[in-house]
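The following pair of complexes shares a single chain, chain A, combined with chain B in the former and chain C in the latter.
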Partner chain A sequence: MATDESTIDADDSTVGNDDSPFHARAEYDATPGDVVLELLDIWVFTPARILWNDYRGRFGIILLSLYIAMGTVGTIVVPEPGIGQGDTLMQPFQSLEHPLGTDGLGQDMLGLMVHATPNMFRMIIAGAVFGGVLGIAIGLIAGYEGGTLDKVLMTITDSVGSIPGLPLLLILVALIDPSNPYLVGIILNIQGWTGAARGIRSQTLAIRKKEYVEVSEAMGESKSNILFKDALPELLPMIIFGFLGGATGIIHASVGLYFLGILPFDHLNWGVVLNHAYQQSGALYSLDAAHWLLIPAVVITGMTVAFVMLAQAFDQVFNPRVRARHEARKRNREDPELDDDGTVTSEDTTQVGIQ
Partner chain B sequence: MYGATETTTETREQSKDTIIEVRNASVTFDMNRGRGRVLDDVDLDVYRGETLGIAGESGSGKSMLASALLDAVEDPGMLTGDVTYYPEDGDPIDILELDNSDLQRLRWEEIAMVFQGAMDSFNPTVPIKAHFVDTLEAHNADVEEGLQRARSIMHDLNLDPERILEVDTYQHELSGGQRQRILIALSLILEPELLVLDEPTGALDLLMQRKILKLLHEIKDDYNLTMLIVSHDLPIISAFADRVGVMYAFELVERGDVEDVLYNPSHPYTRSLLRATPDPQTPLDEITTVDGSAPDPVNIPSGCTFHPRCPVAGDRCEIEEPDMVEVDDETEHVASCFYQEEGKEEIPAPVSKESGDFTFEVDDTWSRHPIEDPILELEDVSVRYKDPPLTERTLPDSILERLDERYDIVEPPVHALTDVSLELGEEDVLVLVGESGSGKSTLGRTAIGLEEPTEGSVKYDGYDVQAVERGEHTGEILFEDVRRAMQIIHQDPSAALNPYRTIRSSLSQPLKRWHSDMDLNDRRARIKQMLESTGIRPAEEYMERYPNELSGGEQQRVSIIRAMLIEPNVILSDEVVSALDVSLRVELMNLLLDMQDTFSTSYLFISHNLTNARYFAGKANGRIAVMYLGQIVETGPIDEVLSDPKHPYTKILKWATLPLDPDSARETIIEESPIVTEKSPDPRNPPSGCSFHEACPKAREACTQTRPKLDSDGNQLHRAACFRDDPDHEYWQSEPLHGEEREIPGE
Partner chain C sequence: MGYVRNRLIQAVVTMYGVIVIGFFTIHAMPGGPREYLQRQLRQNPMQYGLPEDATEQDIQYYLDEFLVVPPDRTIYEAFFEYMINIHQGDFGVSYIYSPGTPVVELIAAAAPWTIFISSIAMVYMLVATILFGSFMAYYEGTKFDMGMTIGMLFNGGIPYYIVAIILLYFVGYQLEWFPTGGRYNTEYQPGYNLDFIGSAFYHAVLPSLSFILTGFGASALSLRAHAIRILGEDYIRAARIRGLSSYKISTRYLARNSLLPMWTSIMIGLSGLLGGAVIMETIFAYQGMGLLMFEATIARDFPLLTANLVLITFMFVLGTILADLTYALIDPRAEQASMG
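Right, the complex of A and B next:
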């Protein structure tokens, strides 16, 4: 009987029957420290190590760290740009005072680049988090629950997704007059969640039919546990890719809108620099002003590349086969007795193991 | 029977001439873990006109050997050695030296292959006919003439060539058995000399297996073929082949005439494998397991590859690689073992020449009384599935109905289960047997509350499960306790474990859910002990592995442990052993039975074959329920049902189960199928009366009128839903349906 818990009761395990594997207990209790270490290892150390072992991941981390340094330390070290800091249109790599040269108004290019970074990060974080969270939540719920809820959520998603993007942005910007970078980020990614929600829903539909999800359901697991422990790990590569893809999207959208002059020039942005370069100097036709256009272009591309590289490398973090190999290597270090590859059985034998 | 054996012996004696000769064939793979050897120095001759069986467990290299014959080993595999083909007239051809165009000509025109997995062998976007035309065009053959030939082959294979070739038929319109036969027809279209069949009946139902084996037997003579049949299923080889080669760890370990090898197996591996095969005739206690597991291709044991698992291995076996030794001077029976005689003493012969029935050792402890206090009770349960696309449509029902009246757009629901009642006691075992589509999985899943019955009720411990879920018995029993009490173990162990979780994390799940008082270290300790108690060692290391690092058997053990950690009272074991190797099946069934002793759980055990059903229920003093088209047609204690089946369908299933013994297997393989039509009835429009009457050789007019019920009066345990069970029924006065009433062999 389910209610007859004689075999389960904790107190029972100490009385008799100690040999049975169903009564095994540890000799000492787990300290909070054990638990924290364990969690840290699963969620922080191992993923970080795998990322670092992948050349794309390493490249992405280094590149992104440069931008983060630019946005934090950089703003303190490099003085804020101002009109008439130096001569106009100084060429880059000529003087230490203005290493990247100056623009047509005599502003330091390095300063322009550096001081635009913090706001860029603010926009990315706000936009990507907004799009990601909304997309994951709607996609997971619609896919797992199905039925009417699914239909309602997907109708909303499709309706939002089918509004033409640029006109929507123009109207929103005109209505809201965004000066807060976080708000700008959210507006820029206002439709970003629709794609994510669609994708995650379709994946969830497939996952919820999997046998291990059925086992969890039969076990009486709570819905949130099933969603977060069974469905989410499989979706993580997609989520991270969507997240980082959203980030690059926001970079491009903000640069584009600032360039077009649709967003107010309250803040420094690489797009503003591009706009000035295009509007005021004819940088497209003159070699003298070429750097005014090229430097922001390179800076924008660099940040995009960093995110793309990271996104690709994250795929490795969530791939259980890669993780398995990583764990095996770790076991080897702890236990040099094992042979070079650690495991005796691995993917190749597993495939032939069942028919 | 004797017709068959005579002709085969005849052909064998006539022609000792070799059609294909394999010498020192090896296949190596470079893996990131080192160099893997998946075929190790194999020598083999195939004689013209014979059927050679290659037996072995999955991963033993048998499919690799088959691919080697066509030089079709896929990259990055490297095939070395010699493969020589001897055409009937002309010079020998060294297959491995051929250039691509010659190789293409050789394949299909001389040697054709029927690959494993008929289900996926056709392009779903192209009609079947195009596959034939493409093959003919690729070989510059006359298409019209070729299609004519295809029609006659299809006719011989009992297919309707008009339907398949004249109309654009796509693969999804065909059943698995039809696809498999079309695949065979496609392989014969260029009139090859040698046909290689890789698990030709792999995914098919019992009756279809028998049909295809019989057809293969017939076309072999009609088309003058040499056949090489690769299978893990020993009874198929026993019934079908003249000679057999047994593979273990990428080598041939024994080879000889089927009778010699099966009656006098001389390699310890062959002997153990035969003993691990649940055969209807082997006494239950004599079915044993093969200890240990098959070696990794990267890490093959030195000396004799079987020595780590061999009960008679000596020091010599660890160092020296045994050569093929003749077992008997007069035959070509050879085995690669130093200690053949010791092996024969240690491991008794598993196949006896006496052909017999399913045997049971029944003793006094067997219960012969109805279940008094059932833990699980199903009453007149029916399950119907509506078409998913229609339920997804957003039209209101009223409009749908009116549309349906006019345009007939709503298909009737699938009758997955119809009026099924069953009871399961405590520590009980009930085996559900049936072909695919018979509703056994639906019944199991409905019984444990994973699906809702459309009609009828499922009671757990006297409480209606759905009522409990609705909260009608609050205070008496909690739904979560009911949910916890009924668990499932799936067929495919790799899909049942979350690939993103380590073994420890997967096994922690039930403990976290139901033993919140246990902390991290307690859980770790219990999981470790459980793993060790099921033979997964070193447990500490396995705990941190991901499912893909485990073999199929290990994964299935982890699934079983996980179900046990929930401590349920009823476990649905859905074809738990059918995805596993022969030698592992018995081991895992034993594990389940041991767990029952420790845990006092009841099992609903789903199986599509009678041999596993007999082993599992026979060991546990259990019952069997035979299902057909959503109904239980016969139920009762396993020994009574199998030794004295009452329902014609059970009798036919029993007939379709091939014995290991080659003499009786060959005798049965040529028998005409007693079934009237292979077409299974449409579950959307089940036939009136008895649902089996269209196929039943014993059907009479009465069977079309009313549906026979499993009579539930009194204490009778062995019951069949058939009018023949009742000597006074009007059935006996009515006319037979399909002309002369046919006998079911073995009746």
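Right, the complex of A and C next:
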């Protein structure tokens, strides 16, 4: 503690003495603009640059922007689909009026695809935010408080997590019969918080022991301040992986349930298109209907792949070791000193099996 | 043994939780078996042996006669009776799906088919996971690894039912290579004869293929990540110095050790065999657990639905317990950490 005392002494006795090594002064004062710029650089520009330099990240960003454009600008440009817009089962890439052809009811395929996108994003955002917030809250509280509360919360988490997913969704959707896309998203991700809560709890347990949290506690910071200012930033990787994983899950589940015809057909969805193509008698027998099945299939796959790729690329943002190894390899020299860390944090909880 | 005890307590809590939540949510579902059957009768009276111009009286008579009406009682009485019954192995009788038949019989008839399809898929997915994962790790950083990684990401990103629909359309309907639905050719007598078994496998090709083609991407990538960590170990270097072939190193030395962290997920996957195939079985009209569950939901066949949910959850909970408890057997290092 000798250094601490000397620092204080130096501070007290040598006010105005610029030679003191403990009294270095900044050359200029940071304006609010500088602070904002720096924060932006740390939290936005640098991660974005790292993502962009990774081939998976670039692919994911481009693909996802395409879908965002589809959901915003696209809905204005492309007219809303309606039955009998054109002849039935027009082939794609034949006319400018219906670039992707029409389905068996004469609806424009491009319109069907484009106008289903905004609701898909609504579902993803609502579901992923719900799962994230509940997971963070329960994980943080359980990990930080410990004791009986921790045990009770974790038992609940594990119990909810071990109810089989699709059967539960079948029952819930039949029970609630939701048509609001935000509500649908939340229902589809009803179990999504369990994984996040478990992961965040174990991370919180580790963070709790760190010095700076102890210091904050000793300084009498409030519990919510400690949790949000000290613990939460450390958990950011896990939260983002949870969000992206939740997004893929919601796309899969929503299209699946719309395909089964369990969710009400109030809104356009790619799954509804698939359902019509599958149900309409004769469509499966005719080769003319191929695009009716293939176009929604490609659109659904593209969106999930975009999220999966982004999740993989985010690994580089949060894992400097992985990044350094990739950089080293890019320059064609192996650096044996860097140890091989797990590259796929997000995949650690994957299970082999059937969803 | 504190760990085992806690684990068992938690499993029991989960099971009762699911039964309670399942019972009440299922009974709170809008509409009921009676409404469903009434609607069906109005739409299509011929199917139920009524004249085409069936009057409302006919329909009411049919309903009273054939529907197994649960006795009029409050939901709490029904719940306590249900709880007593299931502890004696009695899950009730089906209302609509097959009126009067014990639901356990219906499930026992459907479950083997789902297990059949899923276990075929599981085996091939595991083989593909191990092969692709370990080879990708072994050739880490090469063009092969990069291309395969993208391929695996696509594989993990495509929903299985998309592949199922496309397979059904092209291979089933257009090329007519494989049957488009059903469990076996009904011309053959079910039993231990070659025709029937061959036909069952023939019908299982497309359903299991749709799982296999989409099921190994994510796990292969995770295996690759574990394997890369192991590649730095000394015993791999020693094996290389000894001049063993890359094939031998990647399958014997690498795959086995990198499989350790996957044990839990394999066990959970096995126990999840019963539950997850709802969409696949609907697409291929494959009469297994999933389709049974789906039809029970549509028809509001409450006892069948509840029993399905309870049994699937039971298998799942059992599987996770076994996974946790057996992990120490295959990796003795875990024993000190978790149980000591």
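The rule we apply is simple: the second predicted complex is superposed on the first by the 254 of 355 C-alpha atoms of A that agree within 3 Å, B and C clash if a C-alpha of one lies under 4 Å from a C-alpha of the other, contacts with A are read in each partner's own complex, and residues count from 1 in each chain.
Here, contacts are C-beta pairs under 8 Å (C-beta built on N, C-alpha and C of every residue); 3 or more make two chains touch, one makes a residue touch a chain.
Keep in mind that what you see is a predicted model, and the values were worked out from it rather than measured.
Peer 1: Using the superposition on chain A described above, determine whether A:I83 touches chain B (first), chain C (second), both, or neither.
Peer 2: Neither: A:I83 stays clear of chain B and chain C.
Peer 1: Please work out whether A:T301 is in contact with chain B alone, chain C alone, both, or neither, and reply first, second, both or neither.
Peer 2: In the superposed model, A:T301 contacts chain C only, not chain B.
Peer 1: Using the touch definition from the top, say if A:E221 reaches chain B (first), chain C (second), both or neither.
Peer 2: first
Peer 1: Do chain B and chain C land on any of the same chain A residues, and which?
Peer 2: Residues 341, 343-344, 347-348, 350, 352-355 of chain A touch both chain B and chain C.
Peer 1: Touching residues of chain A toward chain B in the complex: what are they?
Peer 2: For chain A paired with chain B, touching residues are 1-3, 7-8, 10, 20-30, 34-35, 38, 151, 210-212, 214-221, 229-230, 233-234, 318, 320-321, 323-324, 327-328, 331, 341, 343-350, 352-355.
Peer 1: Give every residue of chain B touching chain A within the complex, in rising order.
Peer 2: Residues 29, 31-34, 36, 58-59, 232, 296-299, 375, 394, 448, 450, 461, 477, 480-488, 490, 492-502, 506, 509-510, 513-515, 517-522, 524-526, 528-530, 532-533, 541, 544-555, 559, 562-564, 566-569, 579-581, 598-599.
Peer 1: Tell me, which parts of chain C touch chain A in their complex?
Peer 2: 10, 13-14, 17-18, 21-22, 25-26, 28-30, 118, 121-122, 125-126, 129, 141, 146, 149-150, 153-154, 156-162, 165-166, 168-169, 172-174, 180, 211, 215-216, 218-219, 221-222, 224-226, 228-229, 231-232, 261-262, 264-266, 268-270, 272-273, 275-280, 282-283, 290, 293-294, 297, 305, 308-309, 312-313, 316-317, 320
Peer 1: State the interface residues of chain A toward chain C in the complex, per the touch definition above.
Peer 2: Its residues touching chain C are 55-56, 155, 158-159, 162-168, 170-172, 174-175, 177, 248, 251-252, 255-256, 259-260, 262, 274, 278, 284-285, 287, 290, 293-294, 297, 300-301, 304-305, 307-309, 312, 329, 339-344, 347-348, 350-355.
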